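Shared between the two complexes below is subunit A, which has subunit B as its partner in the first and subunit C in the second.
Our next item is the complex of A and B:
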């Protein structure tokens, strides 16, 4: 099963919400994936086990895994397209 | 977390810093947050901006770590004039924000469901537009209450 990691500044509201949304959409599309929400400070330790990183906080780092923006999951704008992108990445 | 006394319409502010200061002061004076909250909010917004390019009405979601919070709260404010926030995620684009939801989260695990419902409102253009058209706090409260509970 693939692992998706979501990180935001304080791990308080946005990363949990995006993680929950992505989890629900993955189930709807029958994509087997585990979604984790962390705060940006814990990202370094956890990113090694992740297959995809959903970003909602600015970062210049390249973690060497596919990265997509999590903002569409908060605004609803472009959400389906972003899910399509995610599905493509996870299929590989 | 939702309270009629924490809803402010047509707030005026010089800029983002002034706005965030005013809102933090409200939460502090009402006993929801510690005095450290204001600086934490200002600092965090610079590094992890919270402007969202939502449809209908652009919003911002300033919040910071639970250590600065005494009691959980959602402070809702509509702005007299849009104020620029940087976009969440990229931190590059400017968003002309018209409605701000300042969050004081004390216990993330416990409050996550409510916050998720709040954030799901951001994808509902018609709800955001209705909130903007409200003429008083009771109107805002009723709409939010219906969506959150």
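Our next item is the complex of A and C:
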């Protein structure tokens, strides 16, 4: 099973919101995946076990794994497209 | 009726919060099983937080007492950071009323074109609850608490409008805005930042924040920072090596567990904020609006973390030397509320952010000191948290300290505190300047984005 990681400033509110939304959407699409919300300050430690990184905080850093934007899961704008993108990555 | 309410309140927040939550859940048409599970999670979150706070006081309480005895510094107010304060705010019996207040104000302002921001960040409703708690504690008036909290809602939305394009220019994300109350502190930071324009050479200082963050990043991790603060307190408490290391690991534990437990609050409240968000979105389909989000979309900017970390020694030093400060910095030592706001005000100029940080640190410490009795009182009233008799709690680095202080003093006019009006007049004058200043900056950002 693939691991998806979502990070925000404290690993409490925003990342949790996105993680539970992605988890729900994965279940709806029958994609087996584990979604984790983490503190961005400890991202380096956590990213090693992840297959995909959903970023709420855009930065120039490359973590060496596929990264997609988490903002659509918060605003609802373009959410389906982003989810298609995620599904594509997870199927690989 | 009154007896029933008192009986329910007497059950303590770990019991009455889930009861309220089930009712609210059913009102927003949740399935009973989901409502029950969420409600119980809220009770668990609250008791869980109490357990961690008790653990923390057992460990750090005696150390901070020894700190006070050895140094003669009256730092008997322990800074717990935001998670325990959020727990206390949610435990306020009137907390849930803040949801409809924020939503109605937002929809009205959108309807009358007074804002372009639809605030879907319903997690930070607790900021306004916290304001209402403090103000009603100071004024003894529930109405005043809600009035000031409502003003905060309005100013937050206005502020989202005043920063939207600048934030888009910085992050590259269109369609979102920051209605977080932390950013209200820009009202005092922006004029200071303007003054820095008169210092020659400041504009041209270039620092690679990304590589600095790579080097300093480890200090931003909660457990590492807890460990360091633990050692700091133990040194002043004159502990021996064994006790020092024990305290340091205990402090690391507390700072690691606080946000973990706070996640439970989020999990419990998520179905309600989802339902409320859907409700709000349905009211404004197709209209040109910005979605208001919580601050973490700024967390990818390395300047935020470098500023937080470099200000730690400044905060500790100021806590020790500032006359009248009572706050022992601990849980709120990484001042995100300042750093994220300064990021916007200074447009990512790290040197400016640090200079403003030194200037603003006393504001956070003094307001933390001033509000400590009221936060402590509420924590004691809600019962399950045991705070030692000669200790108080607070939050260094709370969002919008200047707003909360000025407006709580102004609201206290009902008890004859006229000085609050002087403060309020000053705030309004500052705000008018700020409003014009930010309008101009927004226009400039819009131009850079090719929008005008």
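By our rule, the second predicted complex is superposed on the first by the 92 of 92 C-alpha atoms of A that agree within 3 Å, B and C clash if a C-alpha of one lies under 4 Å from a C-alpha of the other, contacts with A are read in each partner's own complex, and residues count from 1 in each chain.
Definition applied: a residue touches a chain if its C-beta (ideal position, glycine included) is under 8 Å from a C-beta of that chain, and two chains touch if they have at least 3 such contacts.
Note that the structure is predicted; figures quoted are calculated from it, not measured.
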{"item": "Touching partner for A:74 - first (subunit B), second (subunit C), both, neither", "value": "both"}
{"item": "Of subunit B and subunit C, the chain that contacts the larger number of subunit A residues", "value": "C"}
{"item": "Contacts of A:82 with subunit B and subunit C, given as first, second, both or neither", "value": "neither"}
{"item": "Partner chain in contact with A:42 - subunit B first, subunit C second, else both or neither", "value": "second"}
{"item": "Partner chain in contact with A:16 - subunit B first, subunit C second, else both or neither", "value": "both"}
{"item": "First (subunit B), second (subunit C), both or neither touched by A:61", "value": "second"}
{"item": "Which of subunit B and subunit C A:3 touches, first, second, both or neither", "value": "neither"}
{"item": "On subunit A, the residue positions that both subunit B and subunit C contact, one per complex", "value": "8-14, 16-17, 20, 40, 55-58, 69, 71, 74-77"}
{"item": "Subunit A residues within the subunit B interface of the complex", "value": "8-14, 16-17, 20-21, 40, 55-58, 69-71, 74-77, 79"}
{"item": "Subunit B - residues contacting subunit A, complex", "value": "44, 47-49, 52-55, 61, 63-66, 87-92, 103, 105, 108, 112, 115-116, 119-120, 122-124"}
{"item": "Subunit C contact footprint on subunit A (complex, rising order)", "value": "7-17, 20, 37, 39-42, 44, 55-61, 69, 71, 74-77"}
{"item": "Residues of subunit C defined as touching subunit A within the complex", "value": "83, 120, 123-124, 171-173, 175-176, 210, 217, 220-222, 259, 262-263, 266-267, 270, 273, 281, 291, 293-302, 305, 336"}
